[in-house]
Structure formats: structure tokens, C-alpha cells
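Chain naming follows the written order as A, B, C, D, E and F, and within any one chain the residues start at number 1.
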Amino acid sequence: MKKIEAIIKPFKLDDVKEALNAIGIKGMTISEVKGYGRQKGHKEIYRGAEYVVDFIPKVKLEIIVESSQVNAVVDTIRQAANTGKIGDGKIFVLPVEEVIRVRTGETGTEAI
Amino acid sequence: MNTGDISFMLVATALVMLMTPGLALFYGGMVRSKNVLSTMLQSFACLGIVTIIWVLYGYSLAFGPDMGGLIGGLDWAGLNGVGLTAGPYSATIPHLLFVAFQLMFAIITPALITGTFAERVKFPAFLLFTILWCTLVYLPVCHWVWGGGWISKHGGLDFAGGTVIHINSGAAALVAALVFGKRKGWGKENFHPHNLGMTMLGAGLLWFGWFGFNAGSALAANEIATNAFFTTHVATAAALLSWLVAEWVIQGKPTTLGAASGAIAGLVAITPGAGFVNTTGAMIIGLVAGTLCYLAVLLKGKLGYDDALDVVGVHGVGGLWGALATGLFATTLVNPNGKDGLFYGNPHLFTVQAMDAFTTIGYSMVATLIILKVVDAIVGLRVTTEDEVQGLDLTEHNEIGYSL
Amino acid sequence: MNTGDISFMLVATALVMLMTPGLALFYGGMVRSKNVLSTMLQSFACLGIVTIIWVLYGYSLAFGPDMGGLIGGLDWAGLNGVGLTAGPYSATIPHLLFVAFQLMFAIITPALITGTFAERVKFPAFLLFTILWCTLVYLPVCHWVWGGGWISKHGGLDFAGGTVIHINSGAAALVAALVFGKRKGWGKENFHPHNLGMTMLGAGLLWFGWFGFNAGSALAANEIATNAFFTTHVATAAALLSWLVAEWVIQGKPTTLGAASGAIAGLVAITPGAGFVNTTGAMIIGLVAGTLCYLAVLLKGKLGYDDALDVVGVHGVGGLWGALATGLFATTLVNPNGKDGLFYGNPHLFTVQAMDAFTTIGYSMVATLIILKVVDAIVGLRVTTEDEVQGLDLTEHNEIGYSL
Amino acid sequence: MNTGDISFMLVATALVMLMTPGLALFYGGMVRSKNVLSTMLQSFACLGIVTIIWVLYGYSLAFGPDMGGLIGGLDWAGLNGVGLTAGPYSATIPHLLFVAFQLMFAIITPALITGTFAERVKFPAFLLFTILWCTLVYLPVCHWVWGGGWISKHGGLDFAGGTVIHINSGAAALVAALVFGKRKGWGKENFHPHNLGMTMLGAGLLWFGWFGFNAGSALAANEIATNAFFTTHVATAAALLSWLVAEWVIQGKPTTLGAASGAIAGLVAITPGAGFVNTTGAMIIGLVAGTLCYLAVLLKGKLGYDDALDVVGVHGVGGLWGALATGLFATTLVNPNGKDGLFYGNPHLFTVQAMDAFTTIGYSMVATLIILKVVDAIVGLRVTTEDEVQGLDLTEHNEIGYSL
Amino acid sequence: MKKIEAIIKPFKLDDVKEALNAIGIKGMTISEVKGYGRQKGHKEIYRGAEYVVDFIPKVKLEIIVESSQVNAVVDTIRQAANTGKIGDGKIFVLPVEEVIRVRTGETGTEAI
Amino acid sequence: MKKIEAIIKPFKLDDVKEALNAIGIKGMTISEVKGYGRQKGHKEIYRGAEYVVDFIPKVKLEIIVESSQVNAVVDTIRQAANTGKIGDGKIFVLPVEEVIRVRTGETGTEAI
């Protein structure tokens, strides 16, 4: 099994979720994160003081999938999250050794 | 001059002023957090802009010596000749106090409209629109109703501004919603209000300030002010419950935002009749208003125009109902200077109320459309989609609402 | 009729109305964020419900022609015959203004009680409870004290509602806390207030509105109103400091919530005596109130009943202290229409104050218990544990407080 | 005695009281979320502390029988002899009402100063500072200007406290900013305001309350109060727009915080002249104030002192401009009891205004410096760096602002 | 060493923390996340508009443990977080190559 | 490629970011987390009720780097985040199997 972590633009979340649903991915965990990279941050001004904010709001998706699904999931996210502009984000694939469902104790593929 | 009346009108004026910050909160809580500041700023900016207009020429056009029933003259431009002695509109308070009181009404009206194009309007477009709309729509309509213009000659009743403020802003809002078009993601994304506690606070301050609005419209601390005060409260309470029950029945749950919305609907609906109807009339007006405005808001969802914060459903529909209801429930038993309505044997008043309301709607819609087209041509109405996605606070004002 | 008095009473009434939204904020900030809306809504709903009750029969039962010292008659039901001329309770303002002023007191009393069962009450249970409690407890007690009932004949003093409002709601709250039982996780999980800035704002608005509550209880813009205004402020300031210092000494840190709580304790405690005591009396009342209510709240932790927002500790205990303190510090030097208290040579007043207070507590507790049992039988009092965990905003109202 | 005047002054006093919670919000929203409560608490604590000082000896030192033009006598300590009949400062309201009204001014002045040392002051240091500063700076300066002291004999004009409140607190704030030194991370980390909606609300309440502050300073519901009311509103509106436009031109974007700041700058600047200038004067005063205070705030960034919430830039600079502008625009056409300013042919007034302002600045700065040194020696001014990093809410008060 | 990631219901956090404490686990990092899975989301209504919210608040625990402790930790979480209802969550085990304590520079088991 | 996860004190974020920038790390993702460990939590008091809060605000950095950079990055974070006091945090190194840039589809080192 693999863990896929994807950092995407927040407003793309719904599209990505739907696209994943369409290929049968019915579980995931998301969180609000902030990203730093090539995409330029923004400037804020308060009573004349200018602050540059480098960290940009992003959403992180964490999805555990069977190894065989990795490619499909990565491609799906790639397409759904793509705007073609800098800052679209990244996808990381990590190895997972075990998965357990809390409710039933099932493990492995059963648990996803 | 009467110190009791001056005392009351000074405070009433302050109360009406507070309604605009109250509206900023009411509206601010309902938008997404990325737009909270831009939304609030628009109300505050109205405090700035309209005040300056009012001093320069606004009061004069609205209340200056009547020119053909259509507009006031410029005799009082720059408040020239408007002083601390009593004016023509009120014998017991300084003319300048009447100017101040009326100013607060002129401020909140365009601020109400901002709810319709929230979350997508360019700040310069808002500014230009507000200046033009205040000048070309608010001032004439105000003159017609209160400044000795043609509507007042008709015999229509508008105690505290149902036509001038609510119908007028509601009609403008409908046009604006259509011209601006939908927010990106409308009907697809979840547009949750970002801070309903803020909205509740806003509703509380509006309710509080509205006592100044409606009771103050008696221009004196007297029996009519008392009646307006009480009818205002009763109609509001009734409408709060009415909206709550209506949504409970129709959608299965009574909501907090429903209670707040119902209260505002009640405040709007009682505005034209507050000084003319009795408690029973007020209660019925409120009960109808709560359910009616809720249905109007539901209907919007069906019709599919994006009036972001329901200016049409609450102020337009509530105001129209209030104007018509005044034609039904007004009674000279409450206010000898008023008129009797349909239920007190005078069907004529109802007709007049309807005519005045629809004429105002017509004028307001056409004028608003033209103004929006002009503003669009000059500065453009809407921010780019990218800015809309990022939020107006950051893109229009380089600020963010919260860093918690 | 006096325009100065009318002016003042219109504004005072508006100020008291504002206290209920203020309470919504005060309470709303103290609950967990998943219950902020359900908590706020309950206060707003009281504005709706009690207003309608008041018009239909409430004012009449409370202030209508006395029937055996126990309750008013239904002569004024539907506000029949209650008009814009002066009424029996005040010669210089319209009867309807007195109705409006008193209504605002009737609204906030059940709203106060909602603090005790916050975070676990079913919305329908709250509604039914409020209707029954207002009818069966508030209206009679109000009649006894202010409407010509048996307590008023006794000679007890209650300037602005220490017994009617605070002792009454505090006693009811104690019973409700016991009947409702503890919130899930009490004493184990951390029940942090979710937004103390909101609570501070609420405290500020309550303080502001309380000037209308206490000074307005003079029913005129006169010397007694002035005295009530100033004693209110002094007692509040003293209690704020007193709570702050007490917790600093006992727990090592002065807290913001302590300052807000102390202020409310002071406002509560001065309420019955505001128009009868002098500045020195007010200061002592406040100093005692701040520490006493803090200790009462600490004691709750020991006794282990879950009065979620400390209605008992602040309103019950503070109100009781205020009623007794009026029996100590009242002086006819301040108010010739008042009485002298123990420290001014009249121990009798103290006894009367105590008797009135404890009778009210007894009646309120028994009646509240019965009402709660009835409500429980009809709609059930408490939400399911699952709903309690998820939060009432979502489960009772399909809303969430914040989307930041 | 006049019921209209009493009515107005009771409400005006309540309005000024509300300004301090308003300030708590205005300031609270601008600090980082870890300091929101400690910042708000300081304003609320001023309500407590200054009230007790005022009753014990404050009113007497400020307004008691003049001793050599420098300070009032202790004849009225404990408010001894200060009763419900009219006092020497106002014939138509109870003396105690004047006491209450003036108290609210004494409360907000030290509260204003807290903005300069926000986010790093020890709570005990704040307490001690406030007691000493109120006693040794506020009371004498108040006496000089309003209590029959030497400035009042000069013929300087200060309608509602430009010198006593704003210049005075601004001067003290400058010294405090220098003595306290910069917050850790200043100029490096991003000090975003944590909740600008809260700040906007605070600005709205301040604006609302300021009507009581300025119009109430007429001590009667009359023409002068009306004039003060209107000039206050006009100057505020003008300053709001002026700051907005200035930052738009200079930094490219109009900001919400700029609008709020501009409004406060306008309120400050019109304070000394509100009852002496006309609408045109007010508009110019406001237009200058908005831009001037914005530039002052920009300059602070250059000069590099850490006046956290810009007490110097807004209250100091705005107050000074207001005092000088009163020397320019005052006219006896508005207020026969006032004086003519430079533009009405009397350059003398301008000189007097300048002298009074600068003397106050000098006295305030020196006295504040000494007081801060004493406080530092006794309890220490600043929290440890570690506590500063963790936030004062937790380290000074064991609380946190938000659990959302 | 292994990294254990557990997605649990927020109100179970205290129980889980205490249970882990009881078996000697004294360090962990948690974060607020939102989960999507079989558990049904909720409906929100604002002025008549109904929104379905699929993402449900969850808490994510991240715990680095020696390989030998994995089973004990997983079992403990399983038991403490279990309510038997859908949505109880999942546990993932991932390989970790190195652990370093910032303060001391210790690595490996020492650093946990 | 490796994933470096660092849990640090929030006020050290700027220093760490700058130090990483200095050694050429131009991308990272951060999130707000809460930590539990040796560092003592704090007490809160509300109307007399004392609550002990064990979880302390921390910032989590996630940085994907080439394997060759791991040591440099770890050392840099160690130094920049160090205050010498308990609670400075931990750094974990995890294996990563693949990295994809959403915008371009680049993978591996190209995608970082």
C-alpha cells in the first residue's frame, strides 16, 4: 500500500474530490496547510506597515491506496488540480507498511 | 425648541448612525471570511461618502425648496442658511438636527445595496456607484416622499422610509444582482456564512438602532414616537418567530440566521407604518413579513439570480409588503395626522400606497441599470475571477480579516 | 406628559432591549464553539416569544388590576385599553411606553436562565419551558413586586428588579442545573470559553444597557434616575475590581473573564438598591458582590452541579446579596419615596427584604421544577449524547458558527 | 433642572461609558491573537480603577474649589457634599450627573494610553501606572482646563477634551513607547492585526459613543449640542475618506483599517472644536486630520519607536491638530460663548491654543517619564521575552482568546 | 523506527492520549484534519440554501515509535478510539529512517 | 528522495525558513500542529475552573529533498530551531518513492 500526499490549491479541492470519486476512491483525509515555493506570496498593509507573506494557503490530501491504484490516483489528481499556473502543487508517494481500520480491526486492503 | 425633543432626536440620530456599523457586521458575518473586510468597508465608506454629498448638495436636493415636485433646489447647498434655529420640517428642534437625522437615512440606503454585489464588486466601482446612485436615485425619491415632492402630495404614507429606503434599495439590488451576475461557484460550492455570531450582533445593533429610525421619525419625544417604538418592536418579534416557524415547517430546522433574518424582515416591514398602525396591525405585519421574506429568499434560489445577501428578498419584498400593509392597517385612531387604511374603511390609501411603491420600483430599477452601465464602462464592475477566488480583502485592500 | 421623561424612557427602553443581544454575546462567547449559535439563538428567541406573550396576556397578568395580591386581571389582554395617554404607573409618559419598558425586563429574565442548561437543551424544550416559565413564574412574581401584589404591599424595596429578575432567574437556574444534569465530559474535558472577546463585548453592552435598566426604573429623567445611574456604575466598577483581586489572591492570576463576571455581579447586586442607596453604599455593595459571586462560582465546582454559565452564582447569589444589601444601605436621604435600611436605623426593612427574597426563591424553585417535569414529559429536555458531542448548532439548527 | 437636559446627559454619559468597551474592541482586534484579552482587559480595568479614584478623590482634585490654578481642593473627596441638586458646573442637571459624565472622560484617557505598550506590559505595571498617571497627570490637567485652573483662565478653548484627553494621552504614549522599547520581532516579524472585524466594530461603537462625548459636552440638549453632534459626524466622515485616499495614493490600496483609523482621527481632531466651529470648519479639520495622522503613522515606521497601536499618531497628532484648528476655525457665529479664531480675525486664539497644547505636552511627557521610572523600579514594566513570545493572555492571565 | 498515523474522532483524543500514556508513550503530535469516507457528512442550511458537507472533523495523531512498540501502540489506539460506529478512523504505519531531537541532536531511539 | 518532517516551536519558523533558504531549499509545506512530550503544558483558569492543557502549539515543516541533501537540511533545521530548552522539537526522515509536480507532470528531482 502507498500513501499519496497531494498539496493543491484550496479552491480545487471539490474538483479533485469528485474526480477521485469517479475512479472509485472513497476515502481520504485533508488538512489546511501553508506552502512555500515558487509561487509568489502576497503583500499586506496595515496602517502603512507593509508585510510580505510568503506562505500561501494550500490543502493537503492524504490518501491511502493499494499500490496498483497509485498511478490512476496520481493522474487523476494531476488533471483535476491543474490550472497551469505556478503553485498548482505537488504529489508525493510514500510507502505504507500497514493499515488498520479502528472500528473493525481489519487490516491491509480490507481496511481502506 | 423643546429640550425633550432635542434630547430625543440627538439620541435617535446617533442610533440611526449606529445602524450602518451594525449593517457592516450583519453583512460581514454572512460572507466568506476572505471577503469580510471588503464587505464591512463598503458600509463604513458610505458613512464617509454620503455625509460629504449631503453637506455639499444632498440635503438641498432632497429637502430644499421644491422644484416641480421632482427635486429640491440648490438653495441650501453647502448647508447655506441651514442653522441652529428650527427649520421648516420641525418646529421644536434645530434645523441642523433634522439635517443630521435625515443624513443617517441617506447613508444606510446605499449601504444596504452593497449586500447584493458583495464578494465580487471592485472597490472603485462601488464608490462610483454609490455617489451616482445616492445623487440620482436616493435624493429624488427622498424628495418625492418627504421633501414636498409629488408622492407626498398624493397622500401616500411612509412613516420612516419603507419606500425611500427599503423598496428603493431592494429594487436597485435586484437590478444589480442581475447585472453583476453570479459569484464563481454559485450553486456548486458551499457559501457558508463565515461568522454568524457577528451577524447576530449586527442584527442586535440594527434592532436597537431601528428604534431611533422609526420612533425618531416622529421628530419629537411624544405619543407617536412611543407608538412607533412599540409597533416596531412587536412587528420585529413577530417576524422573527414567523421566519423561524416557516423554515422549521418547510426545511425541518429553525435556524439562527433565520431568526436574525426574520427580525430584519420585521423591522423593514413595519417601517412605513410604524407611526400609523396599532399593536395588532404591527403583529400581523410582522407575522406576514417573516414568512413572506423567507419564501422570497427561497424563490431566489429557484430563480437563480445571485443577490448575495438577500437585499431583494428582505428589503425589497419586506419593504413592499410594509408599504401595502400600511394601506391596510393605518388608522387615525393611532395617529390623527395619518390616514385610515383599507381595513378602516378607506380603500383609496391602499391604491395610493401601491402606486407609490411601484413607481419607485420602476424609477429605481431603470436608473440603477443606467448607472451600473456607466460605472461598468468607466471602471468595470467586477473583479477578475482570480481575485474573486483569492478574496477581495487581499486583492482589493491588501488585508486579511483574521490571523487567529 | 413630559417630553424629557418620554425622551429618556424611550431611550432607556431601547437600552434594556439591547441587553438581550448583549447577553447573547456574553453567553455565546463562553460556550464551546460548536454551541455558540444555539446559545445565542435562545436569547434572540426570547425577544420573539416574550413579546408576543406580553401583548396577548402578559402585561395584563403582571400589571392589570390586582386580583387578591396574586395576579393581575385579564382586563388589558391584547393591550386592550392600553393607549398613548398616561397610565396608572407613571403620570408623565404614555402608558404604552411603560408597557414597552417593562416588556424588556420580561424578555431578559428567561434569557438569563438559558445559561444554566446551555450546551445540552433541546430547542423545543427551551421554547416550551420559556413560554411556561414566563407565564407561570415571571408574570406572578412581577405582579407581586411591581403590579400591586402582596410583596409590594409589604413594603419591600426592589428598585429595578433584583427579586423579580435576578433572584427569580437564579433560583430557577439552580433547579434547572440539577434537573438537566451535567454536560458530558464535565470535570474531565476542558470546557474553555471559545471566544472571550465576544464575552467582553457582551459585558460591555450589558453594562451600557443596564443604565437604561436601572436609571430607567425611575420612569423619569430626574434626580432618582441620576442616582441610580451613578450607583450602578460605581457598584459595577467596584465589583469588577473585587472579583479580579479575589481571584488574584486565591488562584494567583487576575483574569479577563473574572473582570467581566465581576462587572455583571456588580450590576446584578446594585439593581434592587440603585435608586435607594448612596455612592458609599453602592461601592460596598459592589465590593462584596465581586468577591461573593466569585466564591459562589468556586463553590459550584465543589458542589458539582453543572450550571453551565453560572446563572446561580452570579444572578442568584448576586441578586440575593443585592436584595439584602438594600435592606442595609437604603436611605431616605437619597430617595424620600424609599425607606431607611438597617444601617439607617430601620432593621425591619432588612427582614422584609429577606422574607421577600426567600419566598420568591421558594416559589420559583418549586414552580420551575414542575415546569421542567412537564416539559420533559412532553418534548424531552436534553439532546442525545451523540448530538451533544457534535454540538447543538449542527444538530439542532443545521448551522455552524464559524468558517474561518 | 430640566428633564430634557437630564435625559440627554444621562444618555450621553452612558454613550461615553460605552466608548471604553469600544476602545477595548478597537485595540483588541489590532493586536496578535495571543494578546487580545490582556489588551481588552486593560480598558475594562480602567473602568474599575478610575471610577474608584474618581469617587475617593479624583473628582475633588479635578473639579473641587481651585487651589492656585493648579489643582482642586479635597473638599469633595468621597463626593462629600456632591448631591442631586444642580452643581456649579451646570444649572439644569444634578451635580452628580456632571460627576458621572466627567468620570467617563477620566476613564477613557488612561485606557487610550494602553495602546502604546500593548503586547508587552506587565499587568501590575499597567495597574500602578494607571493609578499614578490618573492621579498625577489627568487630574491636574483636567483641573487646569475645565476645573477653573490656569489654562481656563487664559481663554483657551477645549470643547470636549482635545487637550485634556487626546494631546495628554498622546504625549504620555510617546514617552511610554520610548521607555518600553520595541516588541520582540518588531520590523522583522509580521504583526498582523488578528481580527479587523473586531476593530471595525470598536470603531463603530467609538463613533457612536463620541456623539455623547462631544454633543454631551454642551451639558444640555440645545443648539450647541446639535452643532457639536453634526460637526463631529462631518469631520469623522471627512477624515475617514481622507485617510483612505491618502493611502490609496501613497501605497496603492485603500484599506479597511485605514478607514477605521481615519474615522478615529477625525473624531479626535474635532473634539476640541466641536462646539465652536461650523460645518465647513469641521470638514476641513477632518480632511486634514485623516491625511495628517496617516502620515504621522508612516513617520513612526521611519523613526522606529514602537507605539504599538498608534496612540501618538492618532490621538497625539490628531489632538494637536484639533487644538490648533480650533484656534483657526472657531467662530462666535456658532457659539456666542466661544471665541473667534484666526480665520475670523482673532490670531490671539491660535497662539493661546498652541501654548496650552504645548504646555500640556511638556507636563505630560515629563510626569509620565517619572511615573514610568517609579513603576519600573517597583514592579518592573515589561514581561520576560519568553512570556512576550507566548503571549500575555496566557502568561499574565491564564486564559486564551479563542478556542474555535 | 516507525511512524504511526491515526485518524480518530476528536472527542476520543483524551481517551487515546491517556491509554497511550498508560503503555509508556509520552510523545506525540496531533493536528486537526477533515476526513472523507463512509461516514455520512452533515447538512447545513442558511437562508434556505442547503449545503452538504462531506468532510468531517477528525484528529490526526502522529507518533514515532520503535518498531517493537508498533503492535502495542496500534492495539491501544484501536481500543481507546473505538466506538463501534462508522467513522472511527484508521491507523497507518509508515517506515521512518531517522529521528533527531532538535535540542540535543540525539538520534534514533534516544531521540524519541 | 526523502521527506523531512520537523516539529518546531512556532516562533522559530522564520529563522528556520531563512536558514533553509540560505542552503538552497526553496520549497516546503507547513502546518499548525499541537505537540505532546516532555515540555510542560500550561494552565488555564476560567471562573475558577482550572484546566491543564498538555498540547502545545508547534509548527510542522514538511520538506521533500533529494537524498543527498538530507544531512544538510537536518543540520540546518537543528541549528536554526534550537533554543536549548525542552520542547524544541524533533526531525523525522521518511522515504519517498515518487514526487510529481501538478502543473507540469515532471517527476523525481525535477519536481521538487
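The criterion applied here is as follows: a residue touches a chain if its C-beta (ideal position, glycine included) is under 8 Å from a C-beta of that chain, and two chains touch if they have at least 3 such contacts.
Computed from a predicted structure; not experimentally measured.
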Shortest contact path, chain B to chain F, counted in steps: 2
Quick check on the contact network: minimum steps from chain C to chain F? 1
Same-interface partner of C-F, chosen from the options C-E, A-D or A-B, over half of the pairs matching: A-D
Could you see whether C-E or A-E has the larger number of C-beta contact pairs? A-E
Could you check if the interface between copies chain C and chain D is built from the same residues on both sides, meaning over half shared, or from different ones? different
Per the C-alpha means, the centres of chain B and chain E lie apart by a whole-Å value of 51
For chain D versus chain F, what separation do you get between their C-alpha means, in angstrom? 45
For chain D, write out the residues touching at least two other chains, lowest number first. 2-5, 7-8, 11, 192-193, 195, 201, 251, 253, 255, 257, 398-400, 402, 404
What are the residue numbers in chain E that touch two or more other chains? 31, 44-46, 94-95
Chain pairs in touch? A-B, A-D, A-E, A-F, B-C, B-D, B-E, C-D, C-E, C-F, D-F, E-F
So, in the complex, the side of chain F touching chain D is made of residues 11, 14, 42-46
What residues of chain B sit close enough to touch chain D in their complex? 1-8, 10-11, 13-14, 17-18, 20-22, 24-25, 28, 36-38, 40-41, 44-45, 47-49, 51-52, 55, 78-79, 84-85, 93-94, 96-97, 99-100, 103, 123, 195, 198, 201, 393, 396-404
Write out the stretch or stretches of chain C touching chain E in their complex. 185, 188-189, 389, 394, 398-400
Which positions of chain E touch chain F when the two form their complex? 3, 17, 26-31, 62, 64, 94-103, 105, 111-112
Parts of chain F lying in touch with chain E, wherever the complex brings them together: 2, 6-8, 31-38, 54-55, 58, 60, 70, 74, 77-78, 81-95
